[in-house]
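Across the two complexes that follow, chain A remains constant while its partner is chain B and subsequently chain C.
The block that comes next holds the complex of A and B.
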């Protein structure tokens, strides 16, 4: 396959612009400057968003629109475009777009970054900013008939929302294609369907068995996670919730996203010992999450609860048992605290180390079995190679991250590119595959399990030899955290599915004024039409499986 | 089957008539004897299905996938068969809005009917054969093909797009794989020179080769293993099992043609599918594995026959656990471009060989 090779030493060669150079580049577009903890912020006029974003993308190399945060101030609305570089995500810039309080209209960035489509729809849905020039500005998480925008200041929480059965009894019935075009069939895949991995609704138009058009309808599992976090205090009340975003055993990875953002915001240093424990726990979670991803992908392609699914569950169970020993929980770990972890490794430590080592020892054999059963199976290869193709440029435009991006040859992993925890001290590799197809995404996950095992092994070695008197599991963190007024931060970690980012703005109280979750699944799911259109229904299902979405994280 | 084909000696209805003294009642006695025989055979199959469906299928799949499966109700969980029967029959029968009623109801009845009908001509050993017409093999294939009609009726009458897709897939797959199946079957007929099932079995009794004193019978699976392999593959497709379970494909089209069926109809469909697997195994056994032949006295025929159809059932379950499903276009392509060509090649080659052998 002649797809472009990722540059081997990309981060070193990326040209970095200073804040002033960027300001010069943007010239008159900039009407003000802001300082976010993670990046310089440039305030631009609401009708010049496209010009600014395309200048930053074309001339300065900011090719990753990580997230769009919308919020309401007393005097204005504001959209923040968090931009990064795929080659070096530590280079960040925030484009701050204020919009009028009375008539919040702002130009859409969709023409520059396709991922802005969904992000702006969410901003419109929850906050109420209208995006000019947006191709399809509808509500995305809430039903069309919802009154008001829940994260806006004047939203009445107590007002009952009447979502009449009449309008929602069968929103699926409408077959809007039948009149002009009698060769196609409109098919609802989901919200309840064996292969949607949760409540996802795919509005599919079929031409025979081929997919002519597919549109994802999300929001069935929207639980107001952002608002819940805005109602909790930084110190203790937010940490339990990240477990519930990507609940497929990626709990610690999610907790780390919040921990990282909050610790950077409040300037907390985490003791090294705790960092090692965090790294080990997070990688165990990644193994468990990838096992399930591989198992369910096989399920989508194989068809029944077959051997490979059960084997994957069997091995995931071992990781889950170790996590249970470590955290006391199997699903909602709630193990991280700001400044460290809640408790040390379980006693007796030797038993825990032995159990973990046994797991790591058995893992290569289990992976061998997976390779026998899935990746080297001819039928599976027939089914997955060259189907669900996602070219790297398209993946970048949609803000795809994690195994989805790495399966398209985009060499992007925050653990290496924007190091946190103990990752930069350890010896491991970022896995990429250049096939851009369903098969590559499967291989990436299988190989990442091996890398995670390497990381865990090194962590175990470190923890075993850690002198007893240095085992500090938590830094000294004040009982109440009140970051300075108007501190803003956007921080991301490498979750199981990709870049999991948190944006927080403080208003001087002990609760965040705005808490925005950048979910990797949300951005990854946007690529589905690109992969599936023109393919057969089974390949649509396989492509969906290879994206490995968790609706809890898509809908939040 | 009593009208056109007179009852032959040694057929099951005959035996029953003799035992009960029904001969004296003329044609009425024949009818009663035939019905009793059919009742016996059908019950034998239903009992096999009762073991296969709620119990063996679970146990086999569990063994393949590292689980335990039913083990709480009765010894080895066997009473789950009773529990499941009660459970399934007591469920609500949900009739979808807009279902095309007579067709929607007839579909699930046709499927077990067609599979059972096919068993009318199968020599099951120990004297268990209802009828032995000269066109036996053609009858078995024809009877099992009636199921396709049921599938498309179910798919079309359910008023559900998934059912429709499933029904269309079922028809496409049946057409694509029935031709190679029958053409491969015909290559056996070239050896035997007859379609009569008992003759086909008899033709396989002779010794093929003798190795170290052990006589290997002239089963066509040994004579022409290539045809046997083709036949088994086409058969798996014909009964719609993995990797060819395209018509049901749970992760793609929910459950295909049976999406809208619940309760008794659900039971009937599954009953039909299991008997179909057994019928597929029975035809394969008759054509290629010497029918009820096996070591020991001839009275053990039924035991060997049952073992052979269960072996085919086991194979389908094994495939189900371990082999991924093909995509619908690949599946059809393999059928038309692979299986069909191979089966005709096999037929021509067999014809030439048989022709040469007979002229020598």
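The block that comes next holds the complex of A and C.
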């Protein structure tokens, strides 16, 4: 962040409450206290969730429900609401809601935070907690006919899932008009459709050309990432998987999410040199990810598989070549280790620096080209300006982050607001646009590429001059990590799509007892109905493209 | 040179025409090529029809534009600049399965998606070919232990070529496609798959005891499906 420029106005004005003040505010609602590594935790009765959440939101300013974690203990179920402030995400608080083992019911937080809708559905689907007053408590990731809750203790994975065929009716064979209203048409978009960017299924109801209702049906790429991480050891076995959550070249950004959470949990310090390399690699990833976002957005809006898409791929190839030199892989880097990175920059270093500099030098020209082709194009402007409008308050209540939130004028970027790595030593700016529409989100991405390039350039300058005897790439980390029993932490980084958070609870072994991924796309995708309902079908496609979801991260 | 050594060359002294003359001698040589020179005046070759069809199928394949997971990013790179799969006559992505010859399965298949993928595959016209891209389509890959993951594409649809890797590099995919083309051209890949429901057309086959026993086991009133496809009936 720039030291010359005045501090962003937000953090200065945010009132911070101490843990005891919050306890006082919540009064009788609190029946116990917990200490998580990132925040104080307040245990509340399962039927007072709404009251507690709305007190914290209205009176204490915790307006960002970043994640809902559900888990099962030997004697109880538990949902944890991780709350933050958009203005200062270092102020966190966890609301812990225990529920009865035999009859796990707790009150839904959906009335306070709209984003709790999907998060609680996921908790119900995977862990089996039921939420009272939830508007639509159905399975979300697994098929509706699935038996059992796979992250619950008593789930037997080897038991065959046998379902009567009559319960598994094919949705495509249903009546194509909605039942109540014969003037509307029911249309399935996906799960195999070029505009859904993967295997997303949109159940849309059309009134003429207009979208009357749209519901995203996700789970077509639910690869059990949480279960697999819970079965892996902290030290080595988890790190390959983050690459595969957001697979659009954002691998290093995702690895950083796990690295940050695990390092804070096990109290590992990362050498400064490794932090600079991480920062550089992560920003290269961000450029590659945004390039694809821009390319596919143009593909959605123009239907043009030729110029813009190919230009974007061309620039991605350059970034990928550099990353391949650095990490040895094109897409699944597996480059970070707890306490550093796996190896130093490739030799000869000068060649690597020169190659990266060449890429950065060509970038302004390439961006000029994108602006000529995309953002200053009248056709695209007509398609995107004032379509898919997402007001900032709505974005916040859905927990939107990343370019989606910044395109709505929400000045929220964890790289600056909750600094990690080397970001706070560097000179760069957070990009926001106030348009709240598809066009703003596109512009944010294009401008963020410039900022990332600025960061990379400074990192290269630093790395070039780094004294040779001081190039420590990894801290000394024990071969087996066993964090203390019952340590809980929620840590997030700014991924390519927004706040990528990880909740981990240790149980004294070398594997996490609960590993929960807070995916930015999961929350961002929830805003789609707000943006698309009442608009035309092509605007729905443009809105979906501008959200830039990646299904591997939505479904995990 | 005697014509014995060059079986495709007929004696063209009798069939020279002005047009051909003009083309061969350079005034209008747009249509000349090494192949044409080799053929001489007679632009005919003799071959078996099947062989010709196989060659045609292998030389012009339309791919289904079908993205599932991580591998689809590398698949897009394979279609796009630098790797340009179209150079090999196999890189036109079609959005509709009804226009496609080849489906590349690029990623992990989970229980919810498997029936959809099968449906897409069934909608493709014969002859159709399948390339499994990445380790997930071989065995479930790194996600094999997941409760929700189908252990390989072959549990759902037949696969002609497996390209291992996580994800495979574009070069590897290009190699896989070239191998498939080679197999098709040599007639090694079976062009027609018989689907279970098509077996009904052969219902007049005599039923032996085993088939009869299996048929009796089926409770037609209440059919079941399983999410673990390997054990499915």
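One rule holds in what follows: the second predicted complex is superposed on the first by the 536 of 556 C-alpha atoms of A that agree within 3 Å, B and C clash if a C-alpha of one lies under 4 Å from a C-alpha of the other, contacts with A are read in each partner's own complex, and residues count from 1 in each chain.
Note that in this section contacts are C-beta pairs under 8 Å (C-beta built on N, C-alpha and C of every residue); 3 or more make two chains touch, one makes a residue touch a chain.
Owing to the predicted nature of the structure, the values given are computational and were not obtained by experimental measurement.
Chemist: Counting only touches as set out at the top, which of chain B and chain C does A:300 meet: first, second, both, neither?
Modeler: In the superposition, A:300 touches chain B alone.
Chemist: Among the partners chain B and chain C, which is in contact with a greater number of residues of chain A?
Modeler: Of chain B and chain C, the partner in contact with more residues of chain A is C.
Chemist: Identify the partner contact of A:163: answer first if only chain B is touched, second if only chain C is, both if each is, neither if none is.
Modeler: Only chain C; A:163 stays clear of chain B.
Chemist: Going by the contact rule set out at the top, does A:280 touch chain B (first), chain C (second), both, or neither?
Modeler: neither
Chemist: Once chain A of both complexes is superposed, is A:187 in touch with chain B (first), chain C (second), both, or neither?
Modeler: A:187: touches chain B, not chain C.
Chemist: Would you sort A:112 into first (chain B), second (chain C), both or neither based on which partner it touches?
Modeler: Neither partner.
Chemist: Considering only touches as defined above, state whether A:314 meets chain B (first), chain C (second), both or neither.
Modeler: A:314: touches chain B and chain C.
Chemist: Now for A:538: first (chain B), second (chain C), both, or neither, which partner does it touch?
Modeler: first
Chemist: Pick out the shared contact residues on chain A: the ones touching chain B in one complex and chain C in the other.
Modeler: Residues 193-194, 305, 309-310, 314, which sit in both footprints.
Chemist: Using the touch definition from the top, list the residues of chain B that touch chain A in their complex.
Modeler: 61, 64-67, 161-162, 165, 242-243, 245, 249-254, 320-330
Chemist: How about chain A: which of its residues touch chain C in the complex?
Modeler: The touching residues are 141-143, 146, 150, 155, 157, 160-166, 168, 170, 172, 191-194, 197-199, 219-225, 227-228, 231, 240-241, 244, 247-249, 292, 305, 309-310, 313-314, 316-317, 320, 330-332, 551-552.
Chemist: Given the complex with chain B, which residues does chain A contribute to the contact?
Modeler: Touching chain B from chain A are residues 185, 187, 193-195, 209, 298-307, 309-311, 314, 373-374, 377, 379-380, 382-383, 536-539, 541.
Chemist: Any idea which chain C residues touch chain A in the complex?
Modeler: By the definition above, chain C touches chain A via 65-70, 72-74, 76-77, 80-82, 93, 95, 97, 107-108, 110-113, 115-117, 119-120, 142-143, 145-149, 166-167, 169, 222-228, 231.
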